[in-house]
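Dropping the structures in below, format is structure tokens.
Next come two complexes built around subunit A: one with subunit B, the other with subunit C.
Then we have the complex of A and B:
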């Protein structure tokens, strides 16, 4: 009887919750439907200034020039998450699967070069069309994860100091460019007009590698089996 | 038509919130948080079109891509924490102290 009563109470709370959340959803939906056309016209601001940003894709211009500190802090977030994962779980530089499958071997051997090329294309195309460092970085990360899952060991030849250096490279570069622009132009991450495209290109390239590596290592950190305790 | 996407985003957010409240298992909670995040991104992306120009407002789009990367990092950290809880207690669940 007690169990039945408990079940009844549980069902009642669930119903109450559904009603409450539906009301909230309806309220939020109403707010969205009745939003004014546009409160702050950021779009025109971006469209007017995109010529001075060094790239012609407005999203990339916002990400790496107008609001570059967003991207800068995002790099820091990735790095902090990485450090968090590493401090909770020791990441062994070992293969995480014993599968040696000829189909998987051949397929990953064919796909990974293509994925690297595709990532480079996404990086390049980001200057004037949808694409950019994050998309390119995710593709690179996916290539590394594919290698890891098919039993290869991409981190074996590339570990210790090199690995750590590549992980912090983009954050370090962002910090130094931020300091440099602070000294030269007097504003944080405000690039000199003539060098804007070069700076963005270098930043994006390094960021792509750091993002790809960090994403793959985050995955590796979760997926890897804990080392047997001696 | 445009607002259909934004309303779908609101729907996803509340489905995620409901799951987050109802389920005890931490993996479900993490997934629910991800679904809530997707809802927010959908709202932001679709509302970027409402200014009436032919192309969407790039600022919300840039914010969403930043948000996606932050979500991925947060999810990874949450999963590792969940695995630690699983390893320590044998269950991927959190309880109040008095229940234990």
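Then we have the complex of A and C:
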């Protein structure tokens, strides 16, 4: 009897939850459908000002120029995430892998150069078509993860101070450009019009490398520690 | 032609919701992660259909690719750690039984 009662209560709470959640979903849907059209038409605003940004792809213009502050903070978030993983335990530099596979060896040897080239292409094309630093960085990170998984040791030749320097490079560059523009133009991250495209390209290139390395090291942090325990 | 694209979009929505539901309710963590990766790839398709190609690329590369790899690595680590804990506790039980 008691068991039946408990089951009944469980079923009741579940039904109540379903009703409440459906009400919430309906309310949210109603609110979204009745939202007034925004007073400031952002799409038009961007389209009108894209010529002053130094790039012709509106997405890159927003990310690296109009709202560069947000991208700056994203870089800081990535860096803090990396530091969070390292604060648990510094990532060992020597990878430990027991995967010995000729297919993986050959395929990674063929794919990694292509991935690096593709990452550079995404970075370059970002100025006028879909692409950009985050996409290019994640492709670079994927190439590094593939190297790690196939037992190669990319962090053996590239460690210590170099590694740390590359990790903080984009945040440091963003900070210095922010300070510089604050001094020169009087506004944070407001680039001088003539140099905007160069600044964006340099920022994106450094950000690509930092993002790729951070993502690969995040993976390596978990992967390497797990192998060490065995 | 329009009917075909509408059909494709509808199918995409349904499959997306189904995969999300399966991933959230799966009790097998490995299955859940694989479904999460599949969800990320379908989501990238949806972003592509919405003409947000930048978001689609980021979703495919980071959302499905690297997050999937991170989750799989974390799962492998979690399983080795919990198996070590288990053998530890088994050893303790053995010792107690010997002491008695």
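The rule we apply is simple: the second predicted complex is superposed on the first by the 206 of 230 C-alpha atoms of A that agree within 3 Å, B and C clash if a C-alpha of one lies under 4 Å from a C-alpha of the other, contacts with A are read in each partner's own complex, and residues count from 1 in each chain.
Everything that follows uses one rule, which is that contacts are C-beta pairs under 8 Å (C-beta built on N, C-alpha and C of every residue); 3 or more make two chains touch, one makes a residue touch a chain.
All of these numbers come straight from a predicted model, not from anything done at the bench.
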**Asked** Of the two partner chains, subunit B (first) and subunit C (second), which one does A:145 touch, if any: first, second, both, or neither?
**Response** second
**Request:** Applying the touch criterion given at the start, work out whether A:131 contacts subunit B, subunit C, both or neither, answering first, second, both or neither.
**Result:** second
**subunit A: partner with more touched residues, subunit B or subunit C** = B
**Message:** Contacts for A:193 in the overlay, against subunit B (first) and subunit C (second): which applies, first, second, both or neither?
**Reply:** neither
**Prompt:** Touch check for A:182: first (subunit B), second (subunit C), both, or neither?
**Reply:** neither
**Message:** For A:85 in the superposed arrangement: first (subunit B), second (subunit C), both or neither?
**Reply:** first
**Asked** In the superposed arrangement, which partner chain does A:15 touch: subunit B (first), subunit C (second), both, or neither?
**Response** neither
**Message:** Let me test your reading of the model: by the given contact rule, A:25 touches which partner, first (subunit B), second (subunit C), both or neither?
**Reply:** first
**Prompt:** Intersection of subunit A residues contacting subunit B with those contacting subunit C?
**Reply:** 59, 132, 134, 215, 218-219, 222, 226
**Asked** Which part of subunit B faces subunit A closely enough to touch in the complex?
**Response** 3, 6-7, 10-11, 13-14, 17-18, 21-22, 43, 47, 50-53, 55, 57-59, 61-63, 65-66, 68-70, 72-74, 76-77, 79-81, 83-84, 87
**Asked** Where on subunit A does subunit B make contact in their complex?
**Response** 14, 17-18, 21-22, 24-25, 28-29, 32-33, 35, 37-38, 41-43, 46, 58-59, 61-63, 67, 70-71, 74, 77-78, 80-82, 84-85, 88-89, 132, 134, 211, 215, 218-219, 221-222, 226
**Asked** Given the complex with subunit A, which residues does subunit C contribute to the contact?
**Response** 53-54, 56-58, 61-62, 65-66, 69-70, 73-74, 76-77, 80-81, 84
**Request:** Write out the stretch or stretches of subunit A touching subunit C in their complex.
**Result:** 59, 122, 130-132, 134-135, 138-139, 141-142, 145, 215, 218-219, 222-223, 225-226, 229-230
